[in-house]
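My questions all concern the structure below.
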């Protein structure tokens, strides 16, 4: 009995999420499920919803940790819902619950999750070309302490391969 | 695609947990999995561990929300681990994440979860004869507001049947 | 430079709070300020508001940790407001922030704070005759572990004297 | 009776904090107290400690919200201590509790607070020349939503004048 890995996808919520972000998120979720890992997201819209749909379509397990205190706010592709009741503070819960993180675009919320993950030394990869928070510190460090380098990758498939490789190294 | 119900079992942690509590917890977890619901627990020892083992043995899905910020503290029967990093404050997360709650004995931690659940009007059943927090308010209310009656039940099987019946009523 | 003690008053919120509860809360807040301690409350109505007014009238400092994410929800007698954005989960923050706790009546929210305080071994006194959570475990223990005995006292003045004596012992 | 404003100073903790950062933080804390506002910090070392000492020396009130669950971890210049027991997740509590924020250098922790503040639309000023997180988004926005512009200022005195002006506008 081996515990499956929990991979967190973060990125654009409904605000600023393009159909290209959604396509990438869907494929990344799909690849995570194919790799037999658990997909973890913030459980709402945009990249969170598209990736959960992808994982779902590949027969995977999806978990959503949402800001609200009522699970009905989660998107319908979350198998497990944690309604934190903590508002956006739940961004830290997401980061803590991840064995590794894949970044697809994103704004200030995504950046707060990156910072939380960085402080807790969680492996992170960012998909190139997705802009926003994903490319803010790509191939570099969030601060002077150089905890964890954010590795740039080219595609959903490479993102999943790379993050699994780092975690299991 | 229907979201599976999330049933939280709370009760004695390692402190004060007898082999009888463990047997009851195991059977309750087993029944939850058989009913195709997700078992949610605090992810540590005692009733949390025994019930997770039960659900696991019945092929169910188990989630553990733990106080620590490192998932390695969870018992090995948790399929999904949320390392909250919030200490015992995570008791509220457990309650919020539950569609319904089954109480098996328990001390002050269990009682804090009962209070959290009560304030958020979550259905609760308590297994008779398990003592402690389970029987503190059995067949009654936690306070004057009479939010939710804590229903006494006779066995693990009845606990699961009853809580599912209340939730889906 | 000695850090002033932080005394938490918990009890009835607007629901169930009688004018007698308010009078007792006011006097207890007043006595805390006179003893040069900081009054900490949940920052809302009922016992929280009355005790804050009392401390305020005696020239003391008051802190309110509230469930909402906006400080405007606090009662007007809070000098410092911590808008936790965590909902009722903030009950644990209150307990953690206290050097000692005085209980005046109270329902399920108060009881959750008592449990949190008990698990963190915080000294507690309960004012007799105020009912509810204050008298649930008075002169006894919340659970089998016997962490901290909840000491019954007769009056606001005695409550403050007793809790300060226990803390500084 | 007017509620005093709560100004949060964020920036370098012990890691990377130079004597120049400390001098600036001290002066900023001093100015906050002179302006009769409450100083709020994360309650630990570096900029948090130096600013609290400054506010203290000017006779002001200081509040520290710390990651630990024990108030003894706070620096000795905190008049009020909130031991959150939430680890670094407390960064969000800091941001929520602020009427306005002054940034002095800082790393990933500071950046997480900036993101939290940005999402909650809290006014922010950053002191030029202090590097790190303070200058990451100076005179600009954290993301595409343009919630709140982070205003660059030249000195501690100007920082306090500016943030108070924005808040009370």
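Note that the chains are named A, B, C and D in the order they appear, and that numbering of residues resets to 1 at the start of each chain.
As a working rule, a residue touches a chain if its C-beta (ideal position, glycine included) is under 8 Å from a C-beta of that chain, and two chains touch if they have at least 3 such contacts.
No experiment lies behind these values; they were computed from the predicted model shown.
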| item | value |
| --- | --- |
| Steps in the shortest chain-to-chain touch route ending at chain D and beginning at chain A | 1 |
| Distance in touch steps, counted as few as possible, from chain A out to chain C | 1 |
| Chain B and chain D, separation of their C-alpha mean positions in angstrom | 41 |
| Averaged-CA centre spacing for the pair chain D and chain C, given as whole angstrom | 28 |
| Touching two or more other chains - residue numbers and ranges from chain B | 69, 85, 87-89, 92-93, 120 |
| Chain B to chain C touching residues, read off their complex | 15-16, 87-89, 91-93, 107-109, 111-112, 115-116, 118-120, 132-133, 142-145, 147 |
| Residue ranges of chain B in contact with chain D within the complex | 69, 85-89 |
| In the complex, chain B residues that touch chain A | 1, 3-4, 6, 38, 56, 61, 63, 65, 69, 71, 76, 78-85, 92-93, 96-97, 99, 120 |
